[in-house]
Every structure is written in C-alpha cells, then in structure tokens.
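Look at the two complexes coming up: chain A is in both, with chain B in one and chain C in the other.
Entry: the complex of A and B
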C-alpha cells in the first residue's frame, strides 16, 4: 500500500475484455479495470466462472491465441502486454511477471528433477553457468523453507508432498526476480495447516522482495490473510474494490454482502444462513443490465436496463445503482433469506 | 422384503432415543502395499486404525482432519463399500454384517452417502428423475410409484420436477446436482446420512443454500448426519459433536462448542488456529504447525502426532495414548491430558 503518487502503478488494466470464440462466444471478462502498485497485494475474489482466473492469465497472455479475443489495455512495468510479439512475451514471462498455480504437479515437468527445472529457468533468463545456477536454485529452495534443500534439489516432483511442491513452485516463480507474481488459488488444494504456512511464506517474500502480487481466490478468509486491497468479481466484471478491511466490514455491493453473509464463520451456529438465491448467469448469454440483478433483492427497473458504472470514491469503487449504506454498527446485517 | 409397491417406509426406531443409532468399536482397515520388487513386504497404509464412534440419534457428528487421516475411509467402511479388517459396527442395536445381524441390503437402505463429486456420483445416461427412483425399485417399489416419489423429492430439495426431472446430470450446475444426490439419498428414507465433503466443492453462496436445506431436512425427517469435512467453520456450524482424526486414529472427540472453545489435543489446537480469521486487523502471524501431514504408511509407534507436536516429550515415543475422558462427552488421546502418563507438562483431567 505504498503507492507513491509520482510513479505510475506497476500494473494498470483498462477495460479488459476476454472472449473465447466458437459458435457460442463466451464473454469471460467484460470490461475489467484495476491497478496494482509496487509492493501491493491485490486479491481477486469471486466464485467459479466469475472470470478471476481468466483475468489473471490474460496478464501473461496464457490463453490459446487462436480462440481468444482480447480488448482493452494491459500495461505492466511500462510494457503493453496485448501488443507484444511471441519473442517479447517469452522474455517478459518469468522475468517481469511470473505465476504460481493451484496444482504444482501439473506445473512441473515430471521427468526432470525440481532443482534442474529451477536452475534451467535461471540460466534461460540470466545466462549464468550451470554451477552458479545450481547454487542459486538451492538458495531459493532453502529460502522457501524446504528442509535439506541441497538433497531436495535432486527430487522429482512426485517425490514431494503437496506443500513442498507448492514451495518449490514459488521458488521457480521467483527464480528470475519478477516484479509481479500472479497467484491462481495456490493454497486451495492444501490442508489448512499447510495453507497458512504458504500464505505466511508468500507474505514474507513479498515484503522482502518488494513484490506486487495478484492473488486469485474464492476464499474470503484467504483473501483477508494476504491482500491489501481486494476486487470482487461477478460474471466477468469487478463489482466492487477497495481496501480489504473496508470491504469486509462495510460491503457496498449487494453481491459482496451476500457472499460475506453466506460464508460460514465462527459464531454462526444456530442461525439460518443468508444464502444468495439462484445461480450466476450464463456467460454466453449475459443480460443487458447488471448481471447480478436477477439474484439481487435490492434490484430495481434501472438494474435490468443498463450496466452500472464503477463510481470511484476515496479508493472504493462499487458498480451498483443501489449500493448499501455503511452499517451503523458491526454485524447489523438484516436477516431474512430468499 | 415383501413386494410392497408403496414408497419405502422409514425403518422403525428400535432402541428408543437413548440408544445410539451408530456404535462403532475398534474399526480397522489397513491397505497392504502389495509385495515389493523382490516380494518384500512393504507394509501397509494404516488408513483407519482402531477407531470408536458413537452417534446418538438425531444428532450430527462432524469428522475433521487433514488429507490422509482416514475420514473418507471411515465413511466407506461404515457403509460397507469396503470391508473392514476388524471392528464392530452396530446400527441401532443390530450388528452389521454378522450372522443374525442386519443384512447389508438393509443397512444401505438405512444409511446413505452423499459424496463430494456431484457429477461422478450420478449415472450420466440416466435422467435425474430416474436416478432418484432407481434405488427404491431395487428394494421392491414399483417404477411408477418410485418416479412419483422421485418427483416429490426433487420438489422438496428445491428443483422443479417438471423443469428438471427429465434432465441429465451434465445439464445441471454443481449445486443442483448436489441437491439431486441428496434427494437420491432421501429416496430410501434413510435414518443416517453420511455427508462426505458434500458441500466442499460448492461456491459459498450455493453452499449456504445446501447447508440450509440439510438443516431443514434433518429437522423434518428426524435424520442423523455424519458430516465429514476439512472446513472447520462449516463443521462447527452444522455439528453437535466433533471428532478429530489424525493418521487413522481419533485424537479428540466431544461436544462441538467444548472442543472448539477448549481444545485439549495439541493437534486440535493447531488445526483450529490454522483457520483464517476473517479479520484484517488480526491476521495470523505464526504458523501453528510446520511440515505436512505425514504419510499413513507404517506410522511410528507411540503418539503419531509427536513429530509435529510442539509439546512432544520423550515419553510420547514409547506410549500410544489412550482416549481418556476430560469432560462430559469430551475425550482426548494425549499424554498431556493424563497426569499419570509421565509427560512433564501433563495436567489433570479437569483443569485446562
């Protein structure tokens, strides 16, 4: 959160759209705008199919080029990502921006040792000799708290536990000292006690290296642990964004509020959960108005006609015609489901 | 069974409310690792290693633990989807799978499962209406009656039978499919439903809908649930009692509020403090445990948690802790809770 007013933000995404072709084009991302400052952690929060992973992958153009149509603008570290050639892209990936995935077993090549893959990435981007790359890879494995890093250098991905593999993938992602780390639900497949270890490790590395992180998650608890700011997505749009503490204590968009009140937390025992009725819309047939209107209990006639703009207000943005007023006191959410 | 064409009736309550619906003693399942390259015996996965469970009628028992702790194997053993190596399972006073006991067909009518993967649990070539009706027809209900009941069950779980009845599983969303799986379980009029991570794959907004449905159905149909989950918040929400498993064994069991408020086992404490706080001003600052859950292959003697335990002592290597009572219905398997164990930090049974 140390976004100085002089330097432009590291990441600036303006009106990004991503459409996957075919007979029935799927509008996965529909005009997403956000910025991420140097050393800032942005959480992208949303449910399955909301476009959070598609947005993230667009930042390193990971979608199949033939079927994907991009619109808008992605500016990262002064470079225009959507205008890059393949050569420029492969230099950019890993060195400016790198990514960690949910399933590290799929991210590593099963026939090479973990250490070799990390050393190879270092050599590819820096051109140092093999033994120096090896030393650096072992240092990295040690830095992500893998015990006996020198021996683990020789391990194949399947020989590691889930938590160890995720650490190794973080080491791989950070091997070329990127400025921006994209994290796509990296802790979702892990057990609770391991998840918190990885989150703390990421936070520590982020501080130490001055990294910017965009962290995609469906889990509000995880977003709270890692993010400075959070952007909530629904049907391919950011419907609300702002500092994490404000979003949690005073959600302004009815969907954010619904998401918070339907998340089971401590002390909800004996109460009825305030579920959001219905299901998200079909991304191939989006309604003309607000995509959440059909499930929203505050929706009016205006919501069905046009898509609300994001109104910016002191770092808070909310795309809603009828935003919720700030609560009078905590936990004053009115009760009745459906 | 007589060929009664009416929908299946609810099996009668035999022992009255005081008799637990499910009583399990010393349940054990080891999966041998085959023979090694030179036919060496490579040991076994100690998936479930001698566990005792008591589930009173019309309550919900939550089972929590990390991957590989034996939660799901326990579920499958109870439904006899796999044969246990040893152990007794008593369903409302009747032994299961023993001579003169409850036959398996009868058990599976009384005990139903709902799994995590809503898609894999349904036959892709059967409409959901038929999928729900299929089970009761095996038990002698006529097809027409079974379909009629299937449609009323769809309605009950919140799916309009005229709109959804003729659809195939791939035409439904995850939340809708999980409702179908619940309706299918209900078609047998079971008394106990094992929910094995049944809401874990659902989005939060849909998960809340399904949890509300489960709570309503339990009240309405006098059901008993065994709720297996890795989500401690959801378990606290839905359960009356909770059982914590580690490497095939029960480390702690007790009334849910008691265990959450005053956990006695170091593992339960660690598990509870690993739950993200949802308060940006009180983020987690220290990891409660280091390392990953160990492999259940050939676990070490003594306490299985001692390698990761912050309070482990030399005695923990020698003695496998027994479950001892530390409060009403609250049992813990840890030497720390037993003043006579020889652990230097051990306290009495009643002080915290």
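Entry: the complex of A and C
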C-alpha cells in the first residue's frame, strides 16, 4: 500500500515478548513481529486473552513497570521504545503515538471536563497557553463531528452519550497530531449503528492525516471495515498475517479458518455455526509446540514438538506446519477484488 | 448551585428540629428525678412541689418542650442547677475549649492520615502500605482513654515533660496563646488524633488504590502526562469522599470526647457533659447535648454543600 520499499516502516516490532512477573509468570506475548507502514491500518485480531491488547499497550509501554518484563525490539518513528527513559517516554506518549481506549466513559477522568482533558494533552506536548489550547480543543471536537463543540467543551464525561464520548476520545488522541494511533477495541462498547459511524470517522481522519493505525479487535467484521492488513493472534503469537481480503477469502492457518467459520455472515440461516473445540492454553504454562495444536484437527506429531516459524510468502505469513491450501476456485486476484 | 444550597438547608431544618425533640425527651426519659440535684432527699413535699412549679416540671411534657424550645431559640438555655451560671455561657466556654482540641487533633490526624494513606495507596501491598495499614488498625482499635493514660504515665509521671491535666497552669479554663498553654494541648491532642488518623489513613489508602487502578489513569499516562499531573488528577478524584469522611470525623471530634477530656481533665464539652450527668444537672445536660448536636448538623450541612463543588457528578442529582 503506502509503504514504499525505500522508506522504513513507521512501526517495526521484532520478536516482542511481554511477561508479567509474580510467582507464576504469565507469558502474555511470545515473540511477536510485525511492521506497519506510514498511512497503513493493521488489524490485530484474536479472542480475549490472546495478547492483542498487551501487544498494543507495549507500544507505549503502558504496563506496570515493576511487574512487566519486555523482550525483543520496538522501533517506532526511528525511536527505540524499550530503551526510552521515563521522561522520554512521557514526551513520546500522546505526541508520536497515542491511544484510543475501549470504554470512553472509564478512560476520561470523571471530575474534569472533557474539553479540559483534551486541552491538557495539547498543552503538555505543545506548550501553548490555556486559551489557545482551548480554541484548539474546540476545533478538534468540531472536527470529530461533535455538535455545539464550544458548549461540549464544558461537558463532563457523564454528560455525553457513548458515541460522543468516543468521538471526544478520538479528538483527544489526535490532538497532538500523532503518527501512530493505537485503537484498543474502540467500538466494542458502542451500539452497532454508532460503531459504524466511529469506524467511518476513524477511516476519514486516518486518510486525511496520513495516520498509521493499529486496531485491536475480536470482531472480524470491524477488522474488515477498517484494516488494510490483519495479523491474527493466538496465545501471545501472531499465527497468520496478510492483506485483509486474502485472509478472509483464503485463511491458511487452521485457527484463522476456525475463527472465520465461527462468525455469523450473511446467508447462514439454517446452517449450524461452527465452534473451535477446547479452550486457549494457560499463558503461564505454554506447551513447547504450537499453542493451537491441542485444538487443531490438522495437527501432527511435529506440531507438538516445536513452534512453527512464520514463513513469509509475498506479504502473507503463516506460522503453521500444515497450512491449508488456497481454495481451488477462487484465485488471489478475485479475493483482492472484493 | 444556589438552589442546591437552599435545598440542603431546608433538609437540615427538620433534622435539627427532631434533634431538639430527642434532646428534650432523652433527659426526661432517663431514670431519676431532676429535682434530686437541687433539693435534699429529705425535703418536705411542699418545697418539692414549689420547686417543680418554679422549674415548670408540673406541666405536661409537650408544653414543657415548647417552652424549652422557645427559650432555646431565644438563646436562653436556662441556668445550671449546680453552678447557678447560665447554661449557654457554660457550654460556650466548654465548646471553645473542645474546638481548640478538635481542630488541633483534626489537623494532625488528617494531614498525617492523608500523607500516610496516599503513600500506602501508591505503594499498594508494599512495605509502606503494610506499615500504614497496621498503624491505622491500631489507631482505630486502641481504646483512646487507655492510650491517654499510657501517654500520661510515660510523658508526665515518668519523664515529667508535659502536664497531665487541665487546659492551663493552675487549672485555668480560659485559653491563652502562649507556650505554657500549648504544652497542655500536646497529650490530649495526640490521643484524640489517633482515631481520625487511623480512619483517614484507611479511607485514603483505599480510595487512592482504587483510583490508580482506573482506566483513566492509564489514559492519562497514555497521553503523556507526568507523574505529578497524574497525582493532581488522583487528588481531585479522592477529595470528595475523603472530605466527607473528614467532615464526619471532625464532627465527632467537635462533639468532644467524654473519655479523653475526662482522662486529661480538659474543660471541654465532653468533660462538661460528664459533669452534668454525674451532678444530674438537667438544664446543663440538655443544653450541652443540644449545642453539640447542632454543631454536628451544621457540619454535615457544610460537607454536603462543599462536596458537589468538587465532584461534578453530584451536581445534577
């Protein structure tokens, strides 16, 4: 897409591991690698507890520092995130990379006005005075299509509707013109109609600002709506990634296939919804082999012994010893066309 | 906001009125004849009856109540049976002494409790947290009259550093702002501060730990706010509840601790109450309880008014 071969990608994560300490350390992320180009939207897809949010939050090192051990490398906009000091980190957060949270009601401080919380971020990163920050915050509220932005500036979070709060959250996240936006299931807590509006708004702003987005979701429909590429995660690893259309039409990993066939799509009335048997593994006691092997109907002896590598093939990566063959009647070209 | 204040004040009125009823009834329901204090046990019946008429005890209770209420509203709480001085004057002297004690104890207990609780909340389950929790449990559970006695034994009897009793040299009841008088404050204030210290520490610790676990704290960090800026957000979130608890505690302190004031012979309202009870000084007892209750009602009203000024969520409900 926009990532030309000459300029390096905006985000480059290499072999990232995240472990939460304690008596029984939890290996939440186990060797995740991906890149995001400038102006690209990467969907991070997976079920609860697969490490997608943990991966996302690692990009601004938001986990409690005392209990978290990071491994690998995170390079964003030429900066080594894991090597940053606390001071550098707080200047980087919100300015280069910012975040939109799942539940906007909880992500705003209830005792400050929404406007003040946006102005606060602007002042933190630009150093302009209070009245200029206020003007800018109102402009942003207006930009995310909040009616009567000047009045809404004075509103407290509990005085706004869910959709409006999420718009304000987006205004806050984009207030310092970041290059990368981390979106942690920003539409999950919203009504279906509001969901679409928020996704359209994000897409529009993303194009306008040339923004890169990493969008975490468990909802394939949402991922299709917003992403250029998706990475499917399972038990703290990316098991498959590639262009969204290809993944949807021709999943190569058995887990991706299971995930797709357990989702309701049009024209399915009367057919039984497939479910993936079993449950995800305990992240404190991961098996030595492929984490999905125990639930996989294609698993062989090799799957239990070692973790399969991601084999790169023209933008497609699959971490599987027995990847599914592409469907016979549908060519990759057709899938792209969708 | 003005409407809210007005509504709160109107709500406080029936409470204040019921307090007067309870105050009045309490004394009349309590066993024992109020005239025992004035008349000797072997006084002739005519004298007793004459006294009854003089004090108005021959009238039915409701009549007595309204007469008493009417006088009380006019600022006349009667005269002390024991000393013959106006009750209002007696109570006011005592209340001023108690306020002195309460304010010092509150400042000490609240500030120490806020610092300790805040630190414990920030270092949830750390070593500071454990120490603060242990201290607050001790503070809440140690009987403070016992603590007062122990402190007296150590610092007055053994070390002879501080006076054990009274509010000033030579048993004076009038307060003066000098070093000599301040020395008399140290032990009772320390003793009295222990309970609010414990409660405030515990409350603020729980509040801070709870706020820090909220999503918005993560969101603040995610937008690059410094630790100091996050701390200010935490303070503003903790303040409404912490203030309510402190207001309540200040109310208890202003009520005067009968036990602590008795241990230290501090001439405050608690001590006065104790004296009034033991001397069966009915007008004094009634007047003291009434004024203490009114202070409590007033303080709650004040907290009610201040709280929504800090917490916007309480403004429109």
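Just so it is clear, the second predicted complex is superposed on the first by the 329 of 338 C-alpha atoms of A that agree within 3 Å, B and C clash if a C-alpha of one lies under 4 Å from a C-alpha of the other, contacts with A are read in each partner's own complex, and residues count from 1 in each chain.
Everything below uses one rule, namely that contacts are C-beta pairs under 8 Å (C-beta built on N, C-alpha and C of every residue); 3 or more make two chains touch, one makes a residue touch a chain.
On a predicted model such as this, the values are computed, not experimentally measured, just so you know.
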Subject >> Room on chain A for both chain B and chain C (clash or fit) >> reply: fit
Original post:
Taking the superposition as given, does A:220 touch the first partner, chain B, the second, chain C, both, or neither?
Top reply: first
Subject >> First (chain B), second (chain C), both or neither touched by A:258 >> reply: first
Subject >> Included angle at chain A between vectors to chain C and chain B, based on C-alpha centres and rounded to the nearest 10 degrees >> reply: 70
Subject >> Partner chain in contact with A:244 - chain B first, chain C second, else both or neither >> reply: first
Original post:
Once the shared chain is lined up, is A:132 touching chain B (first), chain C (second), both, or neither of them?
Top reply: neither
Original post:
Taking the superposition as given, does A:107 touch the first partner, chain B, the second, chain C, both, or neither?
Top reply: second
Subject >> Of chain C and chain B, partner touching more chain A residues >> reply: B
Original post:
Once the shared chain is lined up, is A:272 touching chain B (first), chain C (second), both, or neither of them?
Top reply: first
**OP:** Kindly classify A:60 by the partners it touches after superposition: chain B alone (first), chain C alone (second), both, or neither?
**Re:** second
**OP:** Classify the contacts of A:195 with the two partner chains as first (chain B alone), second (chain C alone), both, or neither.
**Re:** first
Subject >> Overlay on chain A, chain C to chain B nearest C-alpha distance, Å >> reply: 7
Original post:
Which residues of chain A are in contact with chain B in one complex and with chain C in the other?
Top reply: none
Original post:
Which residues of chain C touch chain A in their complex?
Top reply: 214-216, 218-226, 229, 233, 236-237, 240, 310-313
Subject >> Touch list for chain A against partner chain C, complex >> reply: 60, 62, 90-95, 98-99, 101, 103, 106-113, 120-121, 124-125, 156, 158, 172-173
Original post:
In the complex formed with chain B, which residues of chain A make contact?
Top reply: 47-48, 161-164, 191-197, 199-200, 218-222, 224-225, 244-245, 248, 258-259, 262-266, 268-269, 272-277, 279, 337
Subject >> Touching residues on chain B, where the partner in the complex is chain A >> reply: 66-67, 173-176, 203-209, 211-212, 215, 230-234, 236-237, 256-257, 260, 270-271, 274-281, 283-293
